[in-house]
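For reference, chains read A, B and C in written order, and residue numbers begin at 1 within each chain.
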Amino acid sequence: MIMNNNNNLQDENMLSIRDLSIQFGGLRAVDSLSMKIKKGQLYGLIGPNGAGKTTVFNLLTGVYRPTEGSIYLDGNDITGKSTAAVNRAGIARTFQNIRLFGELSVLDNVKCGLHNNYSYSTLSGILRLPKYYRVEKEMNDKGMELLSVFGLDSDANTLAGNLPYGAQRKLEIARAMATNPKLLLLDEPAAGMNPNETKELMETIYFIREKFSLTVLLIEHDMKLVSGICEELTVLNFGQELAQGKTSDVLNNPEVIKAYLGD
Amino acid sequence: MKMSLSKFSKSTVNMIQTLLGLALTYIVITIVSMTGNLSHSMTNILAQLCIYAIIAVGLNLCVGFLGELSLGHAGFMSVGAFVSATFTHAAADAIPSIYARFFIAMILGVLAASLAGFLIGIPVLRLNGDYLAIVTLAFGEIIKGLLNVFYVGKDDNGLHMSFVQDNSKDLGENGKMIINGAKGIMGTPHVTTFTISMALLMICLVVVTFLVDSRTGRAIQAIRDNRIAAESIGIDITKYKMIGFVISAGIAGIAGVLYSHYLSTTTASKFDFNMSILILVFVVLGGLGNFRGSILAAVILTLLPELLRGLSNYRMLIYSILLIGLMLFNWAPAAIEWRARYAPKLLKLFRKDK
Amino acid sequence: MSFVSYLIAGISLGSIYAIMALGYTMVYGIAKMLNFAHGDVIMVGSYVVFYGVNSYGLPPVVSIVISVILCTILGVVIEKVAYKPLRKAASLAVLITAIGVSYLLENLALLFFGSDSKAFPDVLGFPTISLAGGKLSIPGMTIFTIVVCIIIMVGLMIFIKRTRAGQAMLAVSEDKDAAALMGVNVNGTISLTFAIGSGLAAIAGVLLCSQYHVLNPYTGALPGIKAFTAAVFGGIGSIPGAFVGGLLLGIIEDLSSAYISSQLANAIVFAVLIIVLLVKPTGLFGHQIREKV
């Protein structure tokens, strides 16, 4: 890993992707994608189904190794790191098809997210040493605080698998936030939500960005949400960049309209 | 907040209830046996019940919480059994006190079983899917095969080991075989009592409950519920799987140590695949993730054939049908839906409550 | 010359493992499950042949055909009753159920056929061939086994490459949901896979018992597990992998039994599995993902 202590390299970008590509057999699912996301930005990644949006997330989080290209997070090269290492470097994500720990309680889901920020040894846990009680208390407090941000504190002891759909989406974000990320990746956070829930979600995303001085990259189909909160956009089509820039400009781009509405 | 209302978590309360139940059982049985009203065969089987309960608890940690199937827990048991019994025999002169020897033998046996778990875990735990099941099965067979041709003798010059070749004739003055190939270890002092086994069962129950209800336990369950999500929040999959698996193997080692000091003869063939399956039946019947259930199932399924001798021919047949039926009933999406719709009461009975 | 005869015996044993491993590897590739009961289907098939020949006086070939048919039905029924309801459940649940099915078959056999080992006759009665002036004799059965194995493997590969049903198998093994969207009958394809695997199991059973002449309710269990090891060795899901893995495993087992210790042969075979998983978890042919069935 190259540490960029050099001043002119320590730019304002939280994430910078250069010529990112991945090849699945004969298919180039992501093709020379470059993107820069500034610190604190709300950035959208949109495109028709199968354009490779989730693949970009999987590349960023180390689920796939890119065939070519590089990924820098806050000036540090994270290309090819394992998923867990990427998270420790500061990227947290949610999933298009919700992936909660269904047999654990809502609070425990968030406490899993706190795993690397609050630590005691396995032995302290088994022997119930004072450190166990102290750290567990801190984790409970922090976990409840996070849950209350998402309005989930009253469900703390419910099994995550038993939550209604909208609440599950929110819990996934809460769990991701528990890892204290610099960059949050949201994969279709509003999927399956009604307009009211979507509006509420938009407010929550704004709120956590301010509160935790977060950078957010989101994949979304709901154009209302995208135009409502994203400052800049990248449009993907067949794995390639179709357009990039300010949200209003991109959404009025005839190429983009064509890709979305078809020929 | 609801959280602070109850001082103990649900699993801890559950554990305390189980501990009280075990303590009560122990007291009642002790009183009955002091009045001389306990049959000889019952007295004999008490320690065995605890041993089976311990191994069932150990396997449940692996299957119910780690979500990995081990078919080699009998193998870990045999590692604990052979290492400890060998020590008990070998150190007979150096440490005259049998309890001191047993204590050290216990530690050695558990360490050896845990080490075996660690070594098996290295190739397997980074893989997905059914590999752990097949490799633990393979491990059980390897251990059985090796122990069947393993000879250890002791004479005035110390210990002598040999593979494949029976070396009993080479022993010198005062020579005595400790491990005699397929004939195993004979004449191990009968140290394991109901009291010792019960105490260790209770300790194991506390250890696994506290482990599950801790930072490590949460990580282990997170991996079970959703491996990809667990990785995405920075949990080191291999490390936590390994911790869970090694502790589970270590508990199997405890059961093995107790077993070898319970039986007069310890042979490798006792710890075969059938034993691993029997333990699995305990765990599935008692409920995955339910330690109390494992203990109950181990006790009931061990006592039942003793009480109903006539059914002994059908025992394994019934177990296999139970195994299939319970898995379909508890895990098939259609059955789950049916239960949720028509029988909320049944759901309460069969849900795994931790 | 003894090395050569051990080697040939190993290849013959390996051929039987290979036929069994084909069943495991196809089912694993398509249903993504370890069919633990596969070895016990072998045992059932052998009993059918045994009673067909001994009790009903049927010609061996007729008995074998009946055995193949019955095992095919058995395999499909097992899949429908025990595995299909769990298709969307955790793999752990399917595996435990499969172990239950394996135990059920063994215990039913114990009940119906008794625990005593039957002396399985050499139903096919091939003569022994003498080579090198009588120094090397090869049982005809050994050569037959190897030939049958090669025919089955080539046949399966052609079936998968050339037929609609075979292509459907490939599609289901790649992506069940996508295959369903493309109009592939997923349930039918999985049933067909179990049918073929179980039919092959019957053939493997006859070959196994004709060579070793011992038949009891546990006859299939250990060879079954070894055959699965062979499938992992060759790369699970790969048909040539199952063939090569089976052959190598048979050779390793026979040679270790001859030169190291017959008691340690099983331990060595299983040690191979652990070493393979440590060094190359995908098995010998595992990298050829496109070859997956």
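Assorted remarks:
We adopt the following convention: a contact is a pair of C-beta atoms (placed from the backbone, for glycine too) under 8 Å apart; a residue touches a chain by one contact, two chains touch by 3 or more.
Source: prediction; values computed, not measured.
Taking the mean Cα position of each chain as its centre, C sits at the greatest distance from subunit A. The central chain here, found by comparing per-chain C-alpha centres with the mean of all protein C-alpha atoms, is B.
Each chain gets one centre point, the mean of its Cα atoms, and the points for subunit A and subunit B are 42 Å apart.
Measuring from the averaged C-alpha position of subunit A to that of subunit C gives a distance of 47 Å.
Once the centre of each chain is set as its mean CA position, subunit B and subunit C turn out to be 32 Å apart.
Shared interface positions of subunit B, defined as residues touching 2 or more other chains, are absent. Looking at subunit A, no residue sits in touch with two or more other chains. On the subunit B side of its complex with subunit C, the touching residues are 63, 67-69, 71, 120, 122-124, 126-127, 129-131, 133-135, 137-139, 141-142, 144-146, 148-149, 164, 273, 277, 280, 284, 313-314, 316-317, 319-321, 323-324, 327-328, 330-335. Those residues of subunit B that touch subunit A in the shared complex are 1-3, 207, 210-211, 213-219, 221-222, 224-226, 228-237, 243, 289. Here subunit C touches subunit B in the complex through residues 32-34, 82, 85-86, 88-93, 95-97, 99-104, 106-108, 110-111, 221, 225, 228-229, 232, 260-261, 263-264, 266-267, 270-271, 273-274, 277-278, 281, going by the rule given at the top. Across the interface of their complex, subunit B is touched by residues 61, 63, 82-85, 87-88, 92-93, 95, 99-104, 107-108, 111-113, 115-116, 118-120, 122, 125-128, 132, 135-136, 139-140, 144, 153, 156-157, 175-176, 178-179 of subunit A.
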